[in-house]
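Heads up, the next two complexes both have subunit A, just with different partners, subunit B and then subunit C.
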Partner chain A sequence: MRMKLNWVSTAVIFVSILWSVAGSAQESHVGKLVGNAKRGKALYVRYCIFCHGPYGDGRGESAPYLDPKPRDFTKAVFKCRSTPSGSLPLDSDLYDTISRGIHASGMPSWKPLLRQERVDLVAYIKTFSSAFQEEKPGTPLQIPPEPPSSPESIQRGGDLFQSMNCWSCHGKDGRGYGPSAPTLTDSKGYPITPFDFTSGTRFKCGDSDQEMFRDLVTGLDGTPMPSFETAMTPDQRWDVVHYIRSLSARKTAAKLKVEPIAK
Partner chain B sequence: MKLKSAFIPIYALVTLSVSVAILPGWAGPADASASVKGTVKFEGVAPKPARIDMSQDPICAKAHPTAATTEDIVVAADGGLANVVIYVSDGLAASTFPPPQQPVVLEQKGCQYKPHVLAMQANQKLSVVNDDGTTHNIHPTPNNNREWNMSQPPGVPLEQTFARAEVAVPVKCNVHPWMKGYIAVFKHPYFAVTDKDGSFELKDLPPGTYTITAWQEKLGTQIQKVTVAAGEAKTLDFAFKQ
Partner chain C sequence: MRIATFKTIRLQWLATVILLAGLQPAHGIPAFARKYGLPCSACHEAWPMLNNFGQTFKDNGYQLGNERDAPIYQEPSYWPIMFRTTPVWHRENNNRQSVDIVPGNGTSGQVESSVTTSGFDLGGLDVITAGTLYKNISFFIQPFIGNSSIDLSQAWARLDNLAGSHWLNLKLGRFELDEPISQERSLIQNNTGSIYYNYLFTPPGDKNFFVGIGLPQLGVELLGHSDDDSTRYSVAVVTDSNGASGLPANQAADVYANFNQSFAVPWFGRQQVGVYGFFGESPTYFQTSGGTPLPGTGTGNRSFYRLGAYGHWYVDKFDFYTFFMHGYDNVFLGNGVASNQPFNLPLGAVGPVWNGGFVEGHYNPNPRLIFLGKYELTRMSREANPNIPRDAGNFDTWTAGYRWYPIMSPRAGLAWTQEYSRIINAGAAPLSGKADIRNSYQMGFDFDF
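Our next item is the complex of A and B:
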């Protein structure tokens, strides 16, 4: 009897090890939370399927009415990342996007969902592309401390806005009417409008100075916005952040909100 | 004693045959010296290249004393078609080819890509050079590789790779919307891009029967079969029309 019990418990342990190995590709890790794709699927079908579609390709029933179009998860190309251009996002990047939403788009903030639920959704979203099994995310960016804004910093940022050709899309006055603006498309071929810095609209991937700095480093993949990782030094990027902030109707930046779980 | 002396010739024979097999140029499957060369022609009246208006960036416009023109169909006086990618699309024995150490160079000059069509091996280094006095962004939009998009001011080096085969990855600059190019990526080294006369050569092929594909960005693809014996030089021509 005792022997038999031991045998059964060994088998149970063995099967559960197998299960966890097979399931690891469909897991997500954000802080101490571990997401489960199966639970994520149930949430996806309830909350996300209408826009992102049953196959995760962004062709949900509501997609024709949305601009910009819902993300196509099968391509594994994401705008808001802490990783270099061309590399996969971290689980925490996807979690942050689900939590924050994408401003000025159809993607709302999903903070009403439990943190565990959002982590589960990350696990399920990753199953739509084999890239998450074949590749690893790039090294995430470390954001250095921000020097205080000053008229000199804003001046230097304005000069860089010229020399880096930011104006060719965003316009000389930052209103988004640069000479190249009418030619721009996203990676699906849909027209895309450069950001109007004077509008006071919140930035797509977060509105703090730190998140603007990050966007300048990583670029917004799948859009015409390039990475300035090798093009500018960190100090130069802070100057550009201060300059862009000076164009906005809202002069004060949002504070970077960090949920204790995410980082 | 008798046993020992019998061993020596056998040992010598084995050593000899092994070293012969390793010697380069040994006739057999390792003999990769066949070649396929030819020209690609454009049939009919060549379309006139369109002028490019670069006035939005004076630095680009200044680089061209006479107006720059589009490079999507470039035909020589005798009909030779440039910028066609010629490659082995089938017939290679399954083997892996390590990428060359030497990087391929894509130049941005006069706010155009030089070369307009580039071919490289997967995981080979792609070195992007900006010779212009203005900032570009280099933005490949692949189907089978990772999409990336890097800003590049004058003189800043940039190195990237593509992990998977793809014919061909479109490349654009969002800052200068007329800038368009293509990068063809292969798992093997048997590819070429036709020069301004439309000629190409695929070198160092092992003997065998191959499917050779010609790809042109506007005119599509053409396929031909060719069989080469060891060391044989075959000629293969293609003709495209609009």
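Our next item is the complex of A and C:
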């Protein structure tokens, strides 16, 4: 009888552990909202499956016709994060990407979906990779206050743009036609085009200066864009942000009346 | 005799409504799916019914806002056009059709008889081209090819996001009003079920030029919405032509306004409430030449309005539309009497007043299957002419069906549909004065490319 009870309690504990592990992978947390993967799956089938595929590997029916290619969730490698290069994103990072969309790609903003629905989608997307069960996201980056943009800051940023070889991909005028551009591929071997900074004021992982600063620190995982966390000081990163802003048609840059340095 | 006259009017009215509604093809637009690589289900709860993402896309001027919207980003061979048609097997029944006692002999007298017709049928052809002419300039052209007619259902261009704001979008042309629940996107296709009767309702004997908010109208519309489309408004000024091309019947301008707000309820989903109103004037007589009315000279305008409230309620995979309308026409419009001849009004004549509404429910277990049901009614609360039977114009309709989408891709869509609909007009049988009941059933394909 005692033996039987032991077996039962062991089984209960084992099932509970399995349940808790599985359960944690089925959830996401953004603010006070808790995402549910089961609900997220229904939304994924409706909205996402044709690009990202039924297995989340980026091989949806529409994928062959899209450039850039849809994200492969099974690799757990994400461009837009607030966590260090090579680490998992926060749930809020994935939520932000779903909400914002990826500018100049096939990924639209899904803001018309309810917040809860977007959080549910995050929960389901995380089920495509065991990494979300095995690892924890990196420590989110703290962004220092932005110094004001000035002609001097832009000048310094332009110098860094040259010395750090940003131009080799993005081109000397920031239009994305650097000498290395034709050779670039993403982590899955697909050709990838460097961003054209002159095309407007919007960027892939967010439009604010803070988000551009963050991208310089974290890099865009899965693309040739590296992290400049150690290669630049925070002040230097702000200088580069200001320089990139000067290349675009943003009004604040226009007010400074500073011509782009690199021609 | 008097009763028979009103029954005739009612049947004519019903036939007119069905005819007009039959000219209103519903649509989904796979040209957009091809452009963006998104499936039908991204924009449609089940095509052609839009979900909030699709409504936002539409409100944004057919733009996703990812800088790939303007035609310049498309391959030169891309042409934003789609077609849609519905080959079906179709059955219609009227339980009290007036027929000649001896077929072919119009003088043999008439009796009421149940008449049933059935066979294979084709629901006409939608051809739609729509999209962006340039960033923030959208357009929509919709010819409809019927069995023996071609109609330009809609044709408009819109300036989107004026001053960089979602709140300012200006449309000019012939367009579907920003209806509470889109008549153009009805999931139901059969003859009697596809119509929102309230949108087209005209009381018996009424001569109002304006038939209803269910028809595309000619005019200009200002529409705005929040970033996520949770708050929307539209104000349209339309001419009193009931959407017909050519100069209007008179010089009056009618105004339509709609406002809705959506909000999330935890565990239930999105909920939406809204109010709308149409306020207009229609002519009661024309200048004439030799007794023949001169087009465009309508005068003696008298007022009318339609107003109401509606909601769209989600409970997980169930959703329900609820709709209420209150209508009023001026006494001269309601009795078809020129306002310069008030002595022709019947004794005790008043402006007709009525109320109506519907509930339409859907169960959408997955993007490829939707079950639907609808109940709609209208009740006259005041007839224009006291001699008109109290219930003239009242009707009840029931519709049930489902749509299954075995093919749903970013290129095309195909649905298998089955629908049954029943409409009851109390006391409308042409001879006996009993209930006139019509049944409509169809099953078949509904496909677009």
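Throughout what follows, the second predicted complex is superposed on the first by the 227 of 263 C-alpha atoms of A that agree within 3 Å, B and C clash if a C-alpha of one lies under 4 Å from a C-alpha of the other, contacts with A are read in each partner's own complex, and residues count from 1 in each chain.
In this section, a residue touches a chain if its C-beta (ideal position, glycine included) is under 8 Å from a C-beta of that chain, and two chains touch if they have at least 3 such contacts.
All values reported here derive from a predicted model rather than from experimental measurement.
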First (subunit B), second (subunit C), both or neither touched by A:169: first
Touched partner set for A:179, first subunit B, second subunit C, both or neither: first
Partner chain(s) touched by A:42 [first = subunit B, second = subunit C, both, neither]: second
Touched partner set for A:221, first subunit B, second subunit C, both or neither: first
Touching partner for A:103 - first (subunit B), second (subunit C), both, neither: second
Residue ranges of subunit A touching subunit C (in the complex, touch as defined): 42, 45-47, 49-51, 61-62, 65-66, 101-117, 199-200, 202
List of subunit B residues in touch with subunit A within their complex: 56-57, 134-139, 141, 146-153, 156-158, 160, 174-177
Complex interface listing, subunit C residues touching subunit A: 36-39, 41-42, 52-53, 55-56, 64-68, 227-229, 264, 266, 269-270, 366-367, 409-410
Touching residues (chain side subunit A, partner subunit B) in the complex: 75, 77, 84-87, 131, 135, 163-165, 168-169, 179-180, 183-184, 187, 219, 221-231
